[in-house]
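Next up is a structure, given as structure tokens.
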Amino acid sequence: MPGNNVVERVRSLVVAFLDTDLVRLRIERDGGHVELRRARSRSATPELAEPQAPDAPPENVDAIKSDLVGIFRFSRPLPQTGDMVDSDRELAYVEALGIRNPVRSIGSGRLVSVCCDDGQPVEYGQTLFEIQRV
Amino acid sequence: MPGNNVVERVRSLVVAFLDTDLVRLRIERDGGHVELRRARSRSATPELAEPQAPDAPPENVDAIKSDLVGIFRFSRPLPQTGDMVDSDRELAYVEALGIRNPVRSIGSGRLVSVCCDDGQPVEYGQTLFEIQRV
Amino acid sequence: MFKKVLIANRGEIALRINRACRELGVKTVAIFSEPDRESLHVRHANEAFCVGPGPVARSYLSIPNIISTALITNCDAVHPGYGFLAENARFAQICADHGLTFIGPTPEVIGTMGDKATAKRVMREAKVETTPGTDILESVDKARRAAKDLGYPVLLKATAGGGGKGMRVVTGPDELERAFAGAQNEAESSFKDGRLYMEKLIVSPRHIEVQVLGDNFGNVVILGDRDCSVQKPSHQKLIEEAPAAHLSEKIRNSLYAMALRAAQAVHYTNAGTLEFLVSGDHAYFMEMNTRIQVEHPVTEMVYNIDLVKEQIRIAAGEALGYTQSDLRPRGHAIECRINAEDARNNFAPAAGTLTNVVFPGGPGIRVDTHIYSGGTVPPFYDSMLAKIVAFGETREAAIARMERALRETVIEGVNTTIQQCLEVLATDAFTSGHYAIDFLPGLLRQADAA
Amino acid sequence: MFKKVLIANRGEIALRINRACRELGVKTVAIFSEPDRESLHVRHANEAFCVGPGPVARSYLSIPNIISTALITNCDAVHPGYGFLAENARFAQICADHGLTFIGPTPEVIGTMGDKATAKRVMREAKVETTPGTDILESVDKARRAAKDLGYPVLLKATAGGGGKGMRVVTGPDELERAFAGAQNEAESSFKDGRLYMEKLIVSPRHIEVQVLGDNFGNVVILGDRDCSVQKPSHQKLIEEAPAAHLSEKIRNSLYAMALRAAQAVHYTNAGTLEFLVSGDHAYFMEMNTRIQVEHPVTEMVYNIDLVKEQIRIAAGEALGYTQSDLRPRGHAIECRINAEDARNNFAPAAGTLTNVVFPGGPGIRVDTHIYSGGTVPPFYDSMLAKIVAFGETREAAIARMERALRETVIEGVNTTIQQCLEVLATDAFTSGHYAIDFLPGLLRQADAA
């Protein structure tokens, strides 16, 4: 994919994105990805802003996904919802073919969900943790 | 179908019909039919009215359809587009199993289209003529 | 061979006939009702004519429009399929009167077999066992003596009867007087004819049928048997198989011999089926269907014969290309009827739009269907959507294959009998092959009670 | 028998394997790539694991993720299907190392047959005829003498070659010197190895292959032949049939005898196919595929055998349940590959959403497919959408049935090879059965010229 082409594609993607109501768009393809996030809308009047509904997804949350198939195991200390994590904290590992493959927080933030149980089989791309970036 | 039920059904049909952009709705079922036509819209401002497009179907046109399968033949005098026809004019007949089944204009009007050729096989429900009621 | 055949039917059987014609190089004309305009049988035929609106009386049973269609399209033959006009002797005669070959037996044979009393008499003359019974019984006394001779339980039936009216099951002498009076009154009020006769009641029989094929040169072959005992409470078949399991050689040979005698006695031509009730060591002739059956594919799979092509060839004047000794069945085949019905609600038929349809495939699976994703099921017709047929070298292999095929099948938009068929397949009665016509009604009662 | 099998594939063959397992009562684990999440092979398996993103190198070829899936789901065997890892000896060995039965031959046999030079040597030792040829030719003079011995036309090939690089057709002595220099230069620059050898060029051969099945007890059976000569210019098969038409008894017997010797020589186990080029009275071994073939259904239909079930049974340690004399082919079967390709544009593959899919059915038609209305064709994989297989008592009947089945087939949303298959079926060459591997390229050139 030549460089110019990428710029062109992203440009048209941005145009299309701004035309929607989306606040975040992530496209994954062939191992790479593009993510667009909308800045807080300048036109939104504070009077109209409502408190966030309890079941609305929190913003700035990254899913930490498994990049292989194996058995999920927590690392120590046991990560728990609400924990603040460092940029390279090992939260867990996925054991595959006898090898422990660490799962790291990839950047710091607050752990908002733990999505798997200890000993659970996980597949490629399965969400293991969700971290709110701060 | 009890009488009351019919009234109820037509009433709800009318309500639904008025909620649409349709100008004419015809429902055929089990040999009977219901037809609804909207009066000229009172809210339409004359300024916005455009001349009718040349390919728009003319209004108040009834299709004379075949109610059997057979060979279509014109009656004499040969009906032609533009003819004014009487209420029971025999325009053609459909020959089936050696019997000539007359096709009548069922009401008077102007013949706006002749849809079949002489000697053509026609099926049930096939439009044979279109007559504009005046 | 014919040049062009009119297919006087709709749904899967119209497609089935279209396939046979196309493979024989014969052109086809489809007929259809207005709601069937988008049907596959219309799309696949060489020509298609609308013959009327949705209700069958004005379309698929409209003899004038059907004959007229055949004539204006220059057809030389008409295939009636099953249902509709298939066993209408008058229609067969009208076809002949207009120079059209009716693909089926002669009008006379259709008429003879269509009248149940005449059929039974003809069968008895051909030494085919029929349900033991009496002539008209003038009094309760005569009925009492007849019942003693036949042995309880017996069935009192109105000679003018039909639809179960004027019919009573009598399990012992105590019930006879009351049942006789009741049946007589009901028959009198229903048919203005209170005359009754009696038949032996066959308890928990199996429904076994025999496929025959006869040509115009006196050759008749027997294409084995089918067990159609998995029937809904309405006596409609749900699952059929060929050959019947656990049928003793004695009964099987006797069924085949009776079927052969019957076919020869009436000089039967084309495809036909003799239906028997089998109980213990006895087989009783029930009726003969003078047409192709819904369940014919199970026979086709075990005999490797295309029955509809054979029908067409025979009607076109060809002789059978084989004799009985050339025919060797192989393996086992099962058919499940997938109907648009709610099995949990007395098989109430359903209509609607099919939002998602995926059929099974792979080895040994045959699907005969007219439905597709996005198509509709009009409310006017038979509720059958598809026939799924599984072949296996053994009965066990065929059942396993059918089960996986049903699990692969997706039909969304209407209720279907898929789940009911799976439940039948999972019972000990079905897997062991020991079941009779009271099996499915009993299973349904159990489910209701649970 | 196995308890649970991992199916290391996608598409129709994954479904095919799933069917065989389910019918044998074996549980299944599917693997899939992210774009295949909604695939039927995922839906029908007992369990399913995503093993990677769309590109095959990171999903269907990801040995660690596949083996890990098999281990965490407690599978006891792996079926590789065709393509992907099916002929990867290392994968077969890794399966064994992890206590998983690889459903196929041993890693050693896969390795031997995977190396074309070794395979040819082994075949010659087993008295299987291979294309006549030479060892390394050090000079043009030696090449000239070799060509004279072999007889023109000949083929110069690079010993390190592949993909047509360093290959030249030489039709007469005049062209030899120039061709030799050209091939040498190309081989040198492509592989840094300019060494050449020579083979006799087989002109307009037929591609005939022989199906073998061997168990772990030394029993080997031959399941007849298939003609796969209808090939695209890229040598990919488009239409296959069993048995091959107009194959003399002499050639057929010789092919079967060679296949048997070859299988016995390498102690072949499981299903395999020997591919031959047949020209006149000669058959030359080309290669052996140590896996199930795409076109295996045509053999299944004429032998009434489920080859994938046989693969599983053999791998599970069962002995073949029959000997060669029990096997009797019957009738004729043809397979058409329906690919998402534009036949008018050099069979360029297509991807997209399938807006409307309707498959054919009825007697003698088998459909193996993973597609459905509303499904998608991802751009990452093989373009095959479906295999339509038609059985007939005769070759003529099978062709007629295939033609009507193709006409019934609807696939909207991508270009397909349906029309191309119909065009092939309508040619005199195909209907007469007299065609070779240059048939379809010639037909395409004619169409381009017209």
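We just call them A, B, C and D in the order they show up, numbering each chain from 1.
Simple rule for what comes next: a contact is a pair of C-beta atoms (placed from the backbone, for glycine too) under 8 Å apart; a residue touches a chain by one contact, two chains touch by 3 or more.
All values derive from a computational prediction rather than experimental measurement.
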For chain B and chain D, chains touching each: C
Inter-centroid spacing, chain B versus chain A (mean Cα positions, whole Å): 62
Centre-to-centre distance between chain C and chain A (centres being mean Cα positions), rounded to whole Å: 61
Averaged-CA centre spacing for the pair chain D and chain A, given as whole angstrom: 43
Residues of chain D engaged with two or more neighbouring chains: none
Arrangement of touching chains [line / ring / star / complete / other]: line
Which pairs of chains touch, using the document's own definition: A-D, B-C, C-D
Footprint of chain D on chain C - complex, ascending: 15-16, 19, 22-25, 40, 44, 297, 300, 304, 306, 308, 330-331, 356-359, 361-369, 372-374, 393, 397, 400-401, 403-404, 407-408, 410
Parts of chain A lying in touch with chain D, wherever the complex brings them together: 28, 30-31, 68-71, 96-97, 121, 123-126
Residue numbers on chain D that touch chain A, as the complex places them: 34, 49-55, 58-59, 64-69, 71-73, 98
